[in-house]
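One structure follows; several queries about it will come next.
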Amino acid sequence: MEFRVDRQLAFLAVVNVAVLVAGGVLVGASFLDIYNLQSMAGQVPELGLLALGVMLAMISGNGGIDLSGIALANLSGVIAYLVLRDTVSPDDAPLLFSWSFAGIALLVGLVGGMLNGFLISSAGLTPIIATLGTQLFFTGLAIAFTNGSALGLGFIEPLDAFGNTPVLGVPLCFALFLLIALILGGVLRYSPFGLRLLLLGNNAKAARYAGIAEKRILFLTYTACGVLASVAGIVIAARTSSVKWDYGNSYVLIAILIAVMAGVRPEGGYGRVICVVLSATSLQILSSLFNFMDISNFFRDLAWGVLLLVFLATSGFDAKAWFKALRG
Amino acid sequence: MQLKHEAGAPHPGGETSKAAIPYLEIRDVQKRFGGVRALKGVSFSIEPGQIYHLMGENGCGKSTLIKIISGAQPADAGELLIDGKPVGHLTPVAALAAGIETVYQDFSLLPNLSVAENVGLTQQLVAASGKLARRLDLGRMRQTAERALAAVNLPTTRAFLSTRTDELPMATRQLIAIARAIASDARLVIMDEPTTALTKHEVDNLICIVNRLRAKGVAVLFVTHKLDECKSIGGRAVIMRDGQKVAECDIADHTKAELGFWMTGKVLDEARYRSAPKFGEDLLVVDALSLKDTFANVSFSMRRGEIVGITGLLDSGRNELARAIAGVAPADTGRIRLNGKDVTPRKPADAIDAGIGYVPEDRLSEGLFLEKPIEENIVVPVLDRLRGAFGILDGRRSRALAKRSVEDLQVVTPDVANPVQSLSGGNQQRVLIGRWLTINPKLLVLHGPTVGVDVGSKDTIYRIIQRLADEGMGVIIISDDLLELLQNCDRIMVMRKGEVVETFQAEALEEEALYRALVEETTVRTPQ
Amino acid sequence: MTDTTFNGATPAGNDKVSLGSAWRWLLRHPPVVTFALIVLVCLVVGSINTDFWQVSNLFDILRASVVRGLFALGVLVVLASGGIDVSFTAIAAFVMYTVTMLVTNLLPGLPMPVILLVAAAGGACFGALNGVLVHALRAPSLIVTIGTQYVIRSFLLTFVGTALFMNIPGSMEAFGKLALFTHQSANGSISVLPAFVLVLAVAAAVTWWILERTLMGRAVYAVGGNPGIAERLGFNLRTVHIFVFAYAGLLAGIAGIMHVASNRLANPFDLAGTELEIIAAVVLGGARITGGSGSVIGTLLGVVLITLVSNVLILVGIPSTWQLAIIGVFIVFAGTVFSLRAKG
Amino acid sequence: EETPSIVTVVKVTGENWFTRMNEGVDAYGKENPGVATSQVGPGKADAAQQGRLIEDLVAKKVAAIAVVPMDASALEGVLKRAAQRGIKVITHEADNMKNTLVDIEAFDNKVFGARFNEKIAECMGKSGKWTSFVGSLGSLTHVQWADGGSENAQKYPEMELVSEKNESFNDANRAYEKAREILRKYPDIKGFQGGSAIDVIGIGRAVEEAGLQDKTCVFGIGLPKDTGSYLESGAVDGISFWDPKDAGYVMNKVADMVLKDEELKDGMDLGVAGYEKVTVKKGAGDGVIVVGQAWVDVDKSNYAKYPF
């Protein structure tokens, strides 16, 4: 089970480099300076984590998808802040505040993910319906708890450092994202759980017949999606110093875009973490490039849509066979 | 006996080609799926009012041929002529419009539509020549449905007409599919194994229907494995082997042995694989196992080293019984004891923990992870045992285990990292058996172990089964293939309507007797 | 013979009216669950605040159901065929903005029926594009329509315009104001039932007729039930795919015009983000997200339920901030009930 | 040396309000070749997208950023980093913002709110029920206007504030539905104070449909062209606004001054109507707040004079 470089991976790596080079040529050296690289890296985790969640859900098959990710991310931040607002003073004990913030947010993510997992694995809801319902529910709770307004955290040193400060040149939140990706990749590849999840997504019936505990795996998978969402929630809170119910309301779709671009199969059974990471970074670099070039944001969305359709069209496309045919 | 009739050679059984133009003529039709040449150039003609039996081993291309005739799949090469005129690319609607009606092997009923719609809709679709922007004539649809249902002795009440078909039992669905085929003015009715789900009585009724159709000048094309049934219906036999037509003859003129020879290219070796069984202590005790609406009060026991066969019609409960023993669809009541311990499984994992391996009926949809490596397909039940440091999978051990399994079962593959879909049917089946051998099972349940597997592979698989039994494993074989049961088992249980009605000692049992027990309405002998 | 087979035909076979069979009947008729929920909400709200039983309230719910209802009927047809569409709001926004702009700038006197026709045709074209893509790319329609949603909306905003459009054509404004029924309450305030609710009524009737009385309708359900078998039986999958998405697009185009006419302004940013709520309404009405089922009446009830929940909370003193959470709970509840149906 | 660039970041691209603001931004750039001015904004009113946009501007290292925040608190972090990178940060409509050098307010928001209320009070005869709308509770200025209004209303004991600060989420249709709910719950309501620029449009429509043009008093912020038909019918009685073009111009002017290290003095003249004599006071953070008197009142008689 050694590291494989497949077509998708090679392609995404090329795209990353190509966009970086294009940036260097079109914008100038400032696009490639360390500050911008760090700035772009810092922006990746929020979406990257949500996309990892979408990937897990998609891998599990049966139309798996998690529409509730960003809603749960926001809810985690909101609840963590509301709980701590009156109990821990961020000015007196910033470190305690930050850690408890993260802890509570993770707990909310865990519970939210377990709710999704329960609905899908035991109550037997289709993932779309379950996560659609919980998306509205989580968002609704966040609105209800905050009356719809943003809550400012103020400047909390450790949290802010986590969101924005590079350590050894790498933004902490990006490092965390990479660490999580690494662990997730390892779990998918080298653990019985991961292998079972991939097999389950490939053929649910065969998996059940082979003794794979379908319910348990689905439950754990969606729970993991919830936890990933709450980590995204922590990153968001750290980077914006605030929590709000509708932060990133366009993220649901972009996370799906990242996953599909990464070659995750929407029908289940296949997906690679490294591809999702590269897909997220290439999208971020492209997005930053557009911003540097003052290209309208509407146009950027247009590009995303076209990109998604193009990836769908070419994913079934077999380059090798094509070349073979070309050569005769 | 030597092979007399090569492909393309003039068929036996005398003259059939008359001066008249046949209704349907198939000329040199070819079809390939990836690397498989399913049809290698098949020609024959269908005359009005004639009955044909398309015969051949699993995978020889029968279903593919009828899919091409009915427009469900295009041929790669060759020609179809209807009334002497070439029809070019035949779509399902065009085939229906030309009077070709098909009863598919899987019935092809729309699960969420009503009985009336399933029976009466196609006629309207054909009348509109496939155009969908047409009004639906509800009255006519009902009339059509009522008439067709009455012809197959199904009720025509309003309640029944409006039932969804996925709420009906198998036999009823089969009859509905037949009703649909005869609902409109067909000129050729194709039936792909229409009797597997039917009782003797219903089969007799079907034969009446077929005779009526024939009298009206309608041609009927059966696809079937049941030689006795074919003989009792009569008509012409079209025999295929390995994608080619090898013979065509009047079915009455030839013995079963001859037909069998043409189908397999070998003298049918009916010799038993089973010899000198050595039974050990008691292994399995099934005690009053019941599942609502499917089977009731099934009890039997077997010993180590014993091979037990179970057979019955499609909804006799044999499939569900197998699934209950494997924990896939647990029974409501009753007990299963293995080595004296109660192991009644609630889910497949329970059965696996107890040492029961289950090779399911449909290897593609229930057994294999087609795009995944052979290795993963084999080691899946023992992943937990392959953990190394930090709970990480030990790749080397896993690979070694898969390789050993592949060698042991003679799976032909260069690398266990290849996806299992790169294997042929017989090899895929051996991978599945290999999967269960990794858990060192005490009991192996094989559900249709050689469906879609050719003769050579069958032989290998049978030898493996015998070896496993000799090593002290208990084996249960659930199968339609009576010969397979007779060749391999020590005992054969026949199920009807959810009950085990007879149990035979396989040794010296006649296939004829077994067949009669299978389709008989009532029990004549008491179980042994 | 007939008798024996018939016994086999009804496996459950117990005709006694028990709690179990009532439950089963309920599960087979999902709109009943929806209707029960509506009645429940009405009774609870009405008993807490008698103001609920006002004609004006009824009018408001009907008025607010129109655009949602039109969307939902389109979604129903797509869901019934086994697909899913999230691009209809983008189509509606595109059509409503472009048509309003074109009519104002080029043909200010265009009568309303022609405007509706143009909008319907435009929406149908976009929808057909969806259908072609879904069929050709053989990818899940959810993901395809996410793509087209992005393309359509951002094309609108990049190349057509972004500014709020206040001066809508006279014919549209007049149509929006046209009253079907006017009610004067005791305190003198007037409530109006706008005539455009008739558009929803007509659309519902037409959709019902297509689904229940044409071959296309049966084809939609057939494809939703099992596309492989439907194709084998002679139903043309491509025709069905293109039809369902085009029909959803057509209704979306009309819904866009209704939105403008009733709001008296065309805002290209409008309607975005409401698609999941609409899908939720259809699912609440008993359509399975996996296809092959769903009814017009159920869909309308689902729309009414969602509208009701978003309109009446203030009357019972629940802050409207709880609206979304409550809809979410309803969906999870309905989803659970319907998944029981699938199992039982 | 390159000309320093001042980038104005708005809440969302394409809305009439910010399109008008763009005119001011461009105008300043044209008049002052020494700086390059431009305006950007997210395609969707999403605080996350606005934050990302600014993030990239900081990486790009523009000279100055002038922001109209979607959600002030969500931008504190990124604007702090901008400052650390030596970028001058100017804000508008965010007087609680900490990480800004200068926040520009067209006027004192409390006073502005009180002015609305005064007009409503006069119109409704200083008695009866009234309510207020805000775009969202997160929009600081909207909340300040609503609060300014309610403080002013305390002068009139007969006036009763009901169901205050309804959120329209900057959506005319939401505002309409909220207004209908309120009309239903309080059929005798007389006054509406709008917060976001489209609130009066929605309220006006609800009032018109209920036939209550003459029985209600609707005042609020709004743009003349958008609100025209409702002013005409009397459903909306008056609107006030500050010209976003001037605000855009002033933001860039102040940014330019900061870049040139010029001092911002109390009472100075920024050369635009309404900002001739600005007040400079201390802000929430280290920066200052510059306040003008740039409001414009409009009613049925004079709305046609304004082309936007």
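Labels for the chains are A, B, C and D, by order of writing; each one numbers its residues from 1.
Convention: a contact is a pair of C-beta atoms (placed from the backbone, for glycine too) under 8 Å apart; a residue touches a chain by one contact, two chains touch by 3 or more.
Here the structure is a predicted model, which means the values were calculated and not measured.
Novice: Counting C-beta pairs in contact, which chain pair has more, A-B or A-D?
Specialist: Per the contact counts, A-D leads.
Novice: Would you mind pulling out the distance in Å between where the CA atoms of chain A average out and where those of chain B do?
Specialist: Averaging C-alpha atoms per chain gives centres 46 Å apart.
Novice: Which whole number of Å gives the spacing of the CA centres of chain C and chain D?
Specialist: Computed value for the inter-centroid distance: 36 Å.
Novice: Using mean C-alpha positions as chain centres, tell me how far chain B is from chain D in Å, no decimals.
Specialist: The mean C-alpha positions of chain B and chain D differ by 74 Å.
Novice: So which stretches of chain B touch two or more other chains?
Specialist: Not one residue in chain B touches at least two other chains.
Novice: Residues of chain C touching 2+ other chains?
Specialist: Expected reply: 154, 157, 162.
Novice: If I count partner chains per residue in chain D, which residues reach a count of at least 2?
Specialist: Residues 13-14, 43-44 of chain D each touch two or more of the other chains.
Novice: Among all the chains shown, which pairs meet the touch rule set out at the top?
Specialist: A-B, A-C, A-D, B-C, C-D
Novice: With touch defined as at the start, can you tell me which chain C residues reach chain D in the complex?
Specialist: It is residues 51, 54, 56-57, 60, 64, 154, 157, 161-164, 166-167, 185, 187, 189-192, 259, 263-265, 267-270, 272, 311, 314-315, 320 of chain C that touch chain D.
Novice: Touching residues of chain D toward chain A in the complex: what are they?
Specialist: Going by the criterion above, the answer is residues 13-14, 38, 40-44, 46-49, 51-53, 55-61, 71-78, 80-81, 85, 98, 136-138, 167, 169.
Novice: Which residues, counting only chain A, touch chain B once they are in their complex?
Specialist: Chain A residues touching chain B: 1, 186, 190-192, 195-196, 198-199, 202-203, 205-213, 269-270.
Novice: In their complex, what parts of chain A are in touch with chain C?
Specialist: Touch residues, chain A against chain C: 63, 65, 67, 119, 123-126, 128-130, 132-141, 143-144, 147-148, 249, 253, 256-257, 260, 266-267, 296, 298-302, 304-306, 308-309, 312-313, 315-316.
Novice: What does chain B use to touch chain A in their complex?
Specialist: Spelled out, the residues of chain B in touch with chain A are 326, 328, 347-349, 351-352, 358, 360, 365-372, 376, 380-381, 383-384, 386-387, 391-393, 395, 435.
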